[in-house]
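Quick one: this structure, given as structure tokens, is what I'll be asking you about.
All chains are identified by letter, namely A, B, C and D, in their written order; residue positions are counted from 1 within each chain.
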Amino acid sequence: MTRLGIAGGIIQVVVITGGAPLLAGVMRQVRARLEGRAGPGIGQPWRDLRKLLRKEPVTPAGTSELFRIAPLVLLATTVTVAGVAPFVTDTSAVGPAADLFAVAALLAMGTATLALAAIDTGTAFGGMGASREMTIMALAEPTLLVAVFALSVRAGSTSLAAVVTATLRDPARVLSPAGLLAAAALALVTVAETGRLPVDNPATHLELTMVHEAMILEYAGPDLALVELASSMRLAVFLGVLATLFTPWGIATTAAPLALAAGTAAFAAKVGLLGAALAAGEVFMAKLRLFRVPELLAGSFLLALLAVTASYFLAV
Amino acid sequence: MSAVMSGVMTSTVYVQLLDLACGALLATAVVIVWRRRLAAIIRTFAVQGAALAALAGVLAVHARDVRLGVIAAGVLALRAVVFPWLLGRALAASGPAPGERETRPLVNVTASLLAVAVLTLIAYAVSRPLTALAPSPAADAIPVGIAVTLAGFFVLVTRRRAVSQLAGFLLMDNGITATGLLTTASAGLLTEAGVSLDVLLAAVVLRALAGRMRDAFGDTDLDDLRELRD
Amino acid sequence: MLNLWRKIRAHGRVAEPPVGGRGYPLVPGLRGSVQVRHVDAGSCGGCEVEIGAAFGPVYDAERYGARLVASPRHADALLVTGVVTRNMSEPLRRTYDAVPAPKLVVAVGDCARDCGVFKGAYGVAGAVGDVLPVDAEVAGCPPRPEAIVAAVRGLTGR
Amino acid sequence: MNLTESALGLAVGVAALAALAVAALPGRWRPACAGAGTALAGAAGVAAGVAALTGRPFSLSLPGLLPLSGLEFGADRLSGFFIAVTGAVAVPAGVYATGYLRHSGTSRSACAFLPLFAASMLLVPAAAWAVTLLACWELMALTSLLQVLAEHRRRPEVAEAGRWYAVMTHLGFACILAALMLAGGGSLLAVRHLPAGLAGTVFVLALAGFGSKAGIVPLHAWLPRAHPEAPSHVSALMSAAMVNLGVYGIIRTGFGLLGGGARWWWLLVLALGAVSAVYGILQAAMSSDLKRLLGYSTTENMGLVLVGLGAAGLFAGTGHRVLAGLALTAALLHVAGHAAFKTLLFLSAGAVAQRAGTRDLDALGGLRGGMPATTAAFAWGALAASALPPGTAFVSEWLLLQALIHGLPGGGTAAAVVLPTAVAAVALTAGLSAATFVKAFGTGFLARPRSDGAARAAEAPGSMLAGMALAGAACAVLALVPGAVLPALARAAAMTAGPAVAGLVTLRLSGAAGELSPLLLALAVLAVTLVAAGWLRVLPGRRARRAARLWDCGAGPLTARMEYTATAFAEPLQRVFDDVLAPETGIDVTHLDEARYLVAAVEYRRRVPDRVERRLYQPALAAVRAWGEAGRRLAPGSVHRYLGYGFYAVVALLIVLTVTR
């Protein structure tokens, strides 16, 4: 635990908590403009959250404590990842927690908790959403870990900070086939894990096509606010991991205020750009049928596996 | 010109460009297995042809070999322009709709992708002795060529539409060419030309065949041809 | 994909400029953000088409902070269309109960306001006002999208 | 006489006394006596194991006890680890049995053999000679078979499970016997230098024999039958302790007796492990019988352990001794962790089965109301089992993945092909196990009860809860401070290399980069949860929480039949893995008599049979039966004919002897 790491951890938690709704706002705005609409402005998610926090929380009949705790756990796992991963600074606040596997497992933990809460309501939609979410998560896991494998083989460690430092030292590796294939695989996993098109439609109103949304149909008021905040933070964290692993430039390596400010700005810019690109891409896409999703994930798994083997085939 | 280029091309840049070209070759092969829309497959095929040409070009500049440069140009013309164009025409001639898909491959797409993963690992394992013979950046990339060849063979075996089978055949051919380029960097121009001519012939014949079949049966699902025998 | 991109380039922004001034939020807590759940209590389908238009690209009610949602638990306002039929009166009440406070009800269309041409018909339980406390009304058969947008702006105050 | 020896002797003595006492006492006292005896024997076993693990080896020779060879006992660190784990499982299982047996009213013999079963499992790792091992192994097999059959009078399917178990366990015994005889019998603690071909045969036979006990695919067929049908404390003992002894046998023959070996051995072990892990968890994900699900999950976890063993063998063969130690440590930690959470899961599942009267997840649900403590126990076990933090499987799988990742550089072609595949298999297993346990816990314990039995289920008695609490505490220690036990495990694994992991709060790999702190992770999540909860409470403009109806789309109240069932939950996965699982589905549509366009009833059937069993065992059984039928003509029932067979045989033998000499 260094001063740099702790400063980075605090900045990251603040920036991601405050900025994730703005990221969602930017993405919705990009989408709206491409669809020819005016859009509500990038601050709309924050307005929604402010309103939801002042609304009445509702406990549906027959649900247990788990239903009430799940949003908190979902938020907590995401905030923990936001705090420990090296996004703004190249050292982590809690090094032993910034392992890539640990980060993936923490995020999976949040997903599983929310799925349990959805089952806990006992509604058909809750169970359906939980079943689909867990299926997608189970299938995305191999891709995620094999891609991690590809990245960490050359860094010699699965620590996020180690991978980032290794990339900073040798920028050429990003442009190597292994790096590019791993990036493609991780991007697809990000799309699947954060419930974006073409895996899940975040804007749907039709229960039968929902995945994430079907799980949270029973949440209201502050509970819903927590889930929404955590979901947008998850997206920010996934995009942040993607950005930091493949384009770590601008990250703060000293605890000087200027370096920290530059690191924060670079992180925000990278994540914002990635988010805008994702939203723009979504305009051109339709949602896949649920049983076509395994094809997508198998393809990304193949890319991840090729990333590992390519680091063997090829000299760079 | 050539001197300037090779001056620019230090060994790391050479290796990096070579690897990028090979990576693109591999990735496009994956996409060809992945996609169902025949039009998209043909487009990807063009990209792969360009990657192959880039590979030959990089090797040519590195070896300062004019013949290889000519091969690169030929590959670019044939693989990236002529073949995709021919395939596109075959598709337009055989299919009723432009957005035609490979609807029912014999092995479903998920299993195909996993099979290609296994084939890649096999390619890597079997080519070890070959690469160990004369270790060089180009030789290290031989598994890419073999993997693309195997993937092409796989597509050829498991797809039903005539056009996607043709794509599999061409994929295989790209793989063989890549392997040839990587093993003997200065491979005979004549061999390459001969192979390409063969393929051209095959494409023309198949295109004609597809047209005839469409006239006769209205569709080119090769499985339906079994009815002729039964 | 290129086709779509060309269309996007050619059409640009299709949303029409806002008409009229901003409204005043009925409930201060809902300023700037109102999630709307639409309930069809027995409508002919005309009002639904207009609501669809109001949230479509041309009128773009979303730019004022309103959004259609899938669950009454997520909603702040119910947009009720049509006369309340006997079969729908209980579900409508339950939907209202499911919405967390503070909550609003908007009766959209003449049928929802006073039963319109269906007044006294068999199977009609009454107007929306007979079942739920109505906070705002939109007149018309069907109401024009501008009227619906105006009502929505009245809720969000934007 | 050192501590290990006396504690082990105490365990056996207590168990024998308890068995005698059960046989003598009236019915009322039997459960308490059998349970207490098992728990005490287990406690003594833990003491013996810990003593051996911390460096007090012993050897004991009892020449008179068995004719011809006598009995030879001895324990090194590795034996100590397995003795300790077995003992640690026996303690909660014994405590639990005192309550469980009282309510299920089992027979005298079943009670009497429970402590003996525990004692025989403690003796297996302590056997130092081949014959001793075989004797203890057979004792364990027989006592466990009697336990499996305990409830056969009440449920006919128990008898079938018992048959499968008896046949499989004796085939396994035959394999082990052949392996040990080929290896020359004698001491198990000394390295044997055999010719390569013979060593390979010995290893494969031992792998088959011990692997069938560990439930490795394709020798797992008995496991998902026998483990669910046994009483739950026996299920726990079998699934959490007995399967480990299969792993012990593989380690002992592979690394100890044969002293490493060819690369293909360990590639075989790794491949079998990966296949078992993925296949086991897939079948578990499909299963809607709670205990069958747990049985298949045992196959999965033993598969993961074998992946670790295979990796350790590969690394040891290429000289990466540090990584070999790391992989073996990961495997041993997974053995310990699996023992803890599987005990917990089986004990809580047993409470559910007893109280709700069913193990069918599709008929359970809503147990959190009636059985809050059992629900909490199962939740904690499920978390530990599903590779999510903070759970024990998360830590051991992290270690395993670290070993696999660091093994890649310089591992050669085989490593480059095998290790990424192994990582993918482990990752797929982790993802599927999360889905499986979300299903098991979610549909079994949450939501609303789907049957009267589940609705009426009341909390289990104190003794059963105490058993669960003990196992839960073990899970907590292994999950949060694995550093407390890892040094000991690393020393047990030191037959291949030095210690590979260090640190109490933060685990650090030695000889490779990598660190993890499960405790800090858990604390961070807990802290943020508390902060967020507190922040919600002090938020300005906060409103009071309101209870409301479930949102039922405005229609009538939702009934339990409208809930998502376990079968429905697993349906997407079943479709995705259609080609692997080959499910059987059928739809019957009955039309009305009046018109073909009107449907009177639709019947949908789905079954996911065990495909390995279907493809491998049924043809084999059919072949055996065909042979039997063919042989029947030789046995028409005539005594003269039988005597004639003997006569012909003797004459033929004599002729052969004459000719060959």
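One rule holds in what follows: contacts are C-beta pairs under 8 Å (C-beta built on N, C-alpha and C of every residue); 3 or more make two chains touch, one makes a residue touch a chain.
All of these numbers come straight from a predicted model, not from anything done at the bench.
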Grab the C-alpha centre of each chain and report whichever is closest to the global C-alpha centre. A
Inter-chain centre distance, chain C versus chain D - centres from mean C-alpha coordinates, in Å: 58
Geometric centre distance via CA averages, chain D-chain B, whole Å: 49
Centre-to-centre distance between chain D and chain A (centres being mean Cα positions), rounded to whole Å: 35
Distance from the mean Cα position of chain C to that of chain B, given in whole angstrom: 56
Check each residue of chain D and list the ones that touch at least two other chains. 416, 420, 541, 543, 546, 548-549, 551-552, 576
By the touch definition above, chain C meets two or more other chains at residues 29, 71, 73, 98, 100-101
Residue list for chain A, restricted to those that touch at least two other chains: 54-58, 217-218, 221, 294, 301, 305, 309, 312
Strictly by the criterion at the top, what is the full list of touching chain pairs? A-B, A-C, A-D, B-D, C-D
Going by the contact rule set out above, which residues of chain D touch chain B in the complex? 413, 416-417, 420-421, 576, 579
Write out the stretch or stretches of chain C touching chain D in their complex. 29, 71-73, 88, 90-92, 94-95, 97-98, 100-101
Would you mind writing out the residues of chain A in touch with chain D in their complex? 53-62, 64, 66, 69, 72-73, 75-77, 79-80, 83-84, 94-97, 99, 101-102, 105-106, 108-109, 112, 115-116, 119-124, 126-128, 130-132, 134-135, 137-142, 144-146, 149, 152-153, 156-159, 162, 217-218, 221-222, 226, 290-291, 294, 301, 305, 308-309, 312
Within the complex, chain A is touched by chain B residues 12, 15-16, 18-20, 22-24, 26-27, 30, 34, 108-110, 113-114, 116-117, 120-121, 124, 137, 140-144
So in the complex, the part of chain C that touches chain A is made up of which residues? 1, 4-5, 8, 11-15, 29-35, 57, 60, 62-65, 67-71, 73-74, 76, 98, 100-102
